[in-house]
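Next up: some structures, all given as structure tokens.
Look for chain A in each of the two complexes below; its partner is chain B in the first and chain C in the second.
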Partner chain A sequence: MNQKKLILEIKDLYAGIEGKDILNGVNLKIHEGEIHAIMGRNGSGKSTLSKVIAGHPEYTISSGEIIFKDKDLTQLEPEDRSNQGVFLGFQYPIEIAGVKNIDFLRVAVNARRKILLKNELDTFEFEDLVEENLRIVKMEKDFLERGVNEGFSGGEKKRNEILQMALLEPIISILDETDSGLDIDALRIVAAGINKLHSDQKATVLITHYQRLLNEIKPDFVHIMKDGEIIKTGNKQLAIELEREGYENFQNPLDKNK
Partner chain B sequence: MTKNSTVSKVLEKTYQYGFLSEVESEKIPKGINEDVIRLISTKKKEPQFLLDFRLRAYKQWKRMDEPTWANINYPKIDYQEIVYYSAPKDIEKKKSLDDIDPEILKTFDKLGIPLNEQKRLSNVAVDAVFDSVSIATTFKEKLAEDGVIFCSISEAVQEYPDLIKQYLGKVVPINDNFFAALNSAVFSDGSFVYIPKGIQCPMELSSYFRINSGDTGQFERTLIIAEEKASVSYLEGCTAPMFDTNTLHAAVVELIALDDASIKYSTVQNWYSGDKNGVGGIYNFVTKRGQCKGRRSKISWSQVETGSSITWKYPSCILEGESSVGEFYSVALTNNKQIADTGTKMIHIGKNTKSTIISKGISAGHSKNSYRGKVHIGAKAIGAKNYSQCDSLLIGDNAEANTYPYIHSKQVVSNIEHEASTSKISEDQLFYLRSRGISNEEAISMMVSGFCRDVFNELPMEFASEADSLLGLKLEGTVG
Partner chain C sequence: MKKIFYPEWINSIPSNDGVLEETQKLAREELKQNGIPKKSSEEWRLTNSAFIKEFFNLPLNSNNTKLKLNRIDNLRRSLVKLEFNNDSIFEANLCNGIEKLSEEEIKLCLSENSIRRKDFYDFNKTINEASNNRLIGFKINSKEIKSLEIDIKAEVSELVPTRVIIIVEEGLEVDILEIIEGSRGASHSHLIEIYIKDFSTVNHAIVSIGKDSAKLMASILVNQEKQSNYSLTCIQKGWTFSRLEQKVIQLNGNAKTNIQGLQIANNQQELATHSRVRFNGPNGYLKQIQKSILDDESHSIFNGMIEVPKIAQRTEASQLSKNLLLSSKAKVDTSPQLKIIADDVKCNHGATISQLSNEELFYLQSRGINIKKANQLLINAFCNEILDNLPIQESTWSLLSKALENIKSQ
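So, the complex of A and B:
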């Protein structure tokens, strides 16, 4: 158990936006091969945590560290974090009009390949690669010719996120409410994709409100976030309890003394 | 110290054509008067009709006032401080490329326009204009096999005076506007294209304009004639060294398309735009107009405007022939303190004439970018149609974008559609692309090319990617 390598360690992280504190001392350790689920109510800081890890410029870190493979990420640009192998699946993937999905994917993949010391792929080589990966998310080829997320349905946007995850081969994938807005069939496709892409050398973090995603992807750890802190950590059983009893019954053990 | 060198590095990157070539040139004294005009005409051994044309234009110009525009302010130009003719020394004697000053050939090499036989572009014929004169025109003989004439306008004046006499100043009259009148009086060189009846020009034609002297105005003149059922695609490119003074560039371009003829005219304008603070740069005050004279004739303007400190240009179409078609596709990018006021005029005169306007303006830094366009449907233009789309993209918080569409219709049976939009590159879009490993600058240039895609699709293949990378270069250092 202790043999497993540490991939991500968050130490006492405080961060916020425009002077408002959102994360109030987050601590988290993620090893290779692990799947973590972070659950919590709206406004508990789950999404903020994911954006801070990915380096969204609107958030300021006041203290703490984010150590990814022995390196502190906090000073790196978002693109460098991605190139090092950190992937954020967006809750609301952004539309970029006029930029063809396939062109965007190729530029992104080649940026990552450069770091991995792999050769740059030309248009034809990339087409082959992307076609293989399209099967993972069960998408048609015409999906590549459209503008990035432009006019995509909710389900298509989320599948496009998983396609990016497949192509970029990240070491850690943080998926922010990838299950929201999906019908049960789309949820299964997305979940199957995530399971397929997970491996012993990688780590996956699922941020979700609901237990239903966790029926499809079995987490090793479940964390409950409240007021910008992880207040409880358990296994799959914790998610089931949470579903049954609601967030109300979970309190920060430190608050109980007050 | 470190900071300074970073800044200059960015500047160098932004404008890689800012070098000055050491070429001995022959200039006439600065200033303008009748004697100067006579001198230019004599130097070029022009026929009397052309001297008369110049003198008439000069008289008109003297009576005209320099225009002012709502969105353009610049220090008054002293027309007596400009040199109106500058030519590399002894250019008249040169017969072949071997005799041309190697410095000049090197200049064009550096600009990516090799002129010598081995290196030249395989399917593009090039007319290279250095300061006031045409240096060389490639593939002339090959084009002549089809009867296509492609040469400098000075040469055309000598060799084909009848064509010049028939068409020069017919689309843009000498008194059309202040700068057109000035050009008509002092124009030095430019390109001439004649496509005979029924001929599809077998290769792309291209003129490359290079200003080298700092105090010399460039007044080039281009005339393109497509006879019945003829077609041609023509591209012009332009660059200049970096000077801290402003240089005036006042060109006139005239296009004439007869029955079923088509002319596609593309411009990649990259004159020096001045430094970050707006010091130096070219004043690009240009008159471009095409006349769709014949039935079913077509004139299509596409332009990528990235350079110059001030650009003032409205490539226009006079749709005279029945069912003739005018098109205008434009990308104008301004950065730092650049100002661009550009657009088109579509004048519908004939029945069932059609025009399309697609304009994409990108404003970054502290620049101002305006679309100004006019669609006029005349009383006889039954069934005329126009579609206009003007989109603006803002980068950062200090740039300005304006749209001034003027629409006049005297014909009830006509259809005019106008769409406009303004958008901004959002932080969230940038973050999304960056979170996929794409750098800030690359992310912006991707979004900008996406924004311009409709227009890039209209550029000749060879130049679409060049235009794309040019925009990328121009945007370096805009954000961050």
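So, the complex of A and C:
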């Protein structure tokens, strides 16, 4: 059997913000075709990990490596990471009044297409592409004419994130609490979108508090994060245990699985 | 003995022996007596007076510049275009729907608007009246006239005074677009007065773009009768020094006013907007938003006064100043002010000064958009709130589209 290719490897990553350490030695390997779930309490470092991978300028890496397809990402600008195929789905997508959603999406898609050696899309070609993808997240066309996330409900913002993911065709998608703030119908739409976009050549990382998202998207691995480290790794069963017993029972650092 | 300012310069200006004679004489006297406005005056406190002095060192553009009126009809609307050039002003070729003001009417307008207050020195206007030999005044009296374009362009280091008086008769709807361009040290002194009669709507935009040390002083004086609508959008970009003074009076209240402004500055440019809106009657409405984008060591000044006297009950007025700083050395002085005597009114005002948001930039970058493009998107978004609301269809006005492209190429 062919060995699956390694897409992302995080090696002993220490990082923080404004002098405060948040990640204290994260190790993680993600291969193509895999779906990983990272679970943990508020403040355990899950969101920080996703932002550090995406290159948020306010976070500083003190040591460690983030290797994406054999290249160290840590020195790259956020836009270069995205163009290489790293996608971050925001927990709180930013509202940008005055920038039309469709214009934003087109600029983003054309930046990625340049890297993929595909031709730049003009307004009309792009509209066709967007309309196809709108169906994945069951969004209406009028969303495109509004400001980026401007006045969108929580569910609409998350669907807009998945639309961006669909359009940018990333190799790895890290989705930070994509399920938060969604009602059950919206959760199903978003989850179906994520499942549809996942493939054997891609990887997906779900950051979540709750098991319910994992009923819709079946993870291959579940990691528990605490105090900036991954303290336990298991399969779907681990998430079920966690839901039943709470995070309290996973306090023991002796459980640490490296 | 009191020092007389710039007598040589003032005496060198050609005199008018026609309809402007009296106004000009008075203005020159006033200019000689008062000279450059003093720093002690609130209105001029923040102005760099070195810029003003430069106006007095310039030769006057004395080609008997006139307005050319061209009527261009197309499928969508008929457009009347005015350009100042070298024919005599009263020989302008007027068309149906536009009627030249008689000398008596012009004199009446001048005297009504030129009552000189001892306690208030209107320098912008005085320098225009003292130096100006070119004025066009007309009435719009037919629904046929939908759009009017006024182009004022100067490309040499001269003082270029221009003055336009427009009376919009009852029940009409007119777009007025002024494009003011200056380059190579040209300095404009522009005065526009608009009288809007009952039940009329005027959408007025001034797109002013300067480069190569050009300067602009402009006054916009608007009188609104009842049930009239007036929208004003003023865009200032690229002037070394620019000062727009807007004065809108709702003569009997019961009218609507919308004012928007956008200043875009870099280097050491100083762009100022002084705005005064007065409600002389009840049930008036005003919405005003003033924005600036400042880079390098540029300086933006906004002084906004809303006057709601006792007679102006049930006035609804809001004024907001929003400023975007792109550099730590840029400077904003903003002062939205309300003077309210009436007790039954809804009025509010506010000001914000901010930088580009790091979170917004990161969001755009995380979607593969480089930092330069991301900056540009956010700056354009800031402008679009004003530009999208331009009361005039961009597509109809080729010059405006060109000017807007220029603005967006920050």
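Rule of thumb we're sticking to: the second predicted complex is superposed on the first by the 249 of 258 C-alpha atoms of A that agree within 3 Å, B and C clash if a C-alpha of one lies under 4 Å from a C-alpha of the other, contacts with A are read in each partner's own complex, and residues count from 1 in each chain.
The criterion applied here is as follows: contacts are C-beta pairs under 8 Å (C-beta built on N, C-alpha and C of every residue); 3 or more make two chains touch, one makes a residue touch a chain.
Since this is a predicted model, take the numbers as computed values, not measurements.
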Touching partner for A:10 - first (chain B), second (chain C), both, neither: neither
Which of chain B and chain C A:54 touches, first, second, both or neither: both
Which superposed partner A:97 touches (first chain B, second chain C, both, neither): both
First, second, both or neither for A:26, with chain B first and chain C second: neither
Common ground on chain A, meaning residues reached by chain C in one complex and by chain B in the other: 54-58, 77-79, 81-83, 88, 90, 93-94, 96-99, 103-104, 107-108, 111-112, 115, 147, 164, 168
List of chain C residues in touch with chain A within their complex: 357-360, 362-371, 373-374, 377-378, 380-385
Contact set on chain A toward chain B in their complex: 54-58, 77-79, 81-83, 88, 90, 93-94, 96-100, 103-104, 107-108, 111-112, 115, 147, 164, 168
Contacting residues of chain A [partner chain C, same complex]: 54-58, 77-79, 81-83, 88, 90, 93-94, 96-99, 103-104, 107-108, 111-112, 115, 147, 164, 168
Contacting residues of chain B [partner chain A, same complex]: 426-429, 431-440, 442, 446-447, 449-453
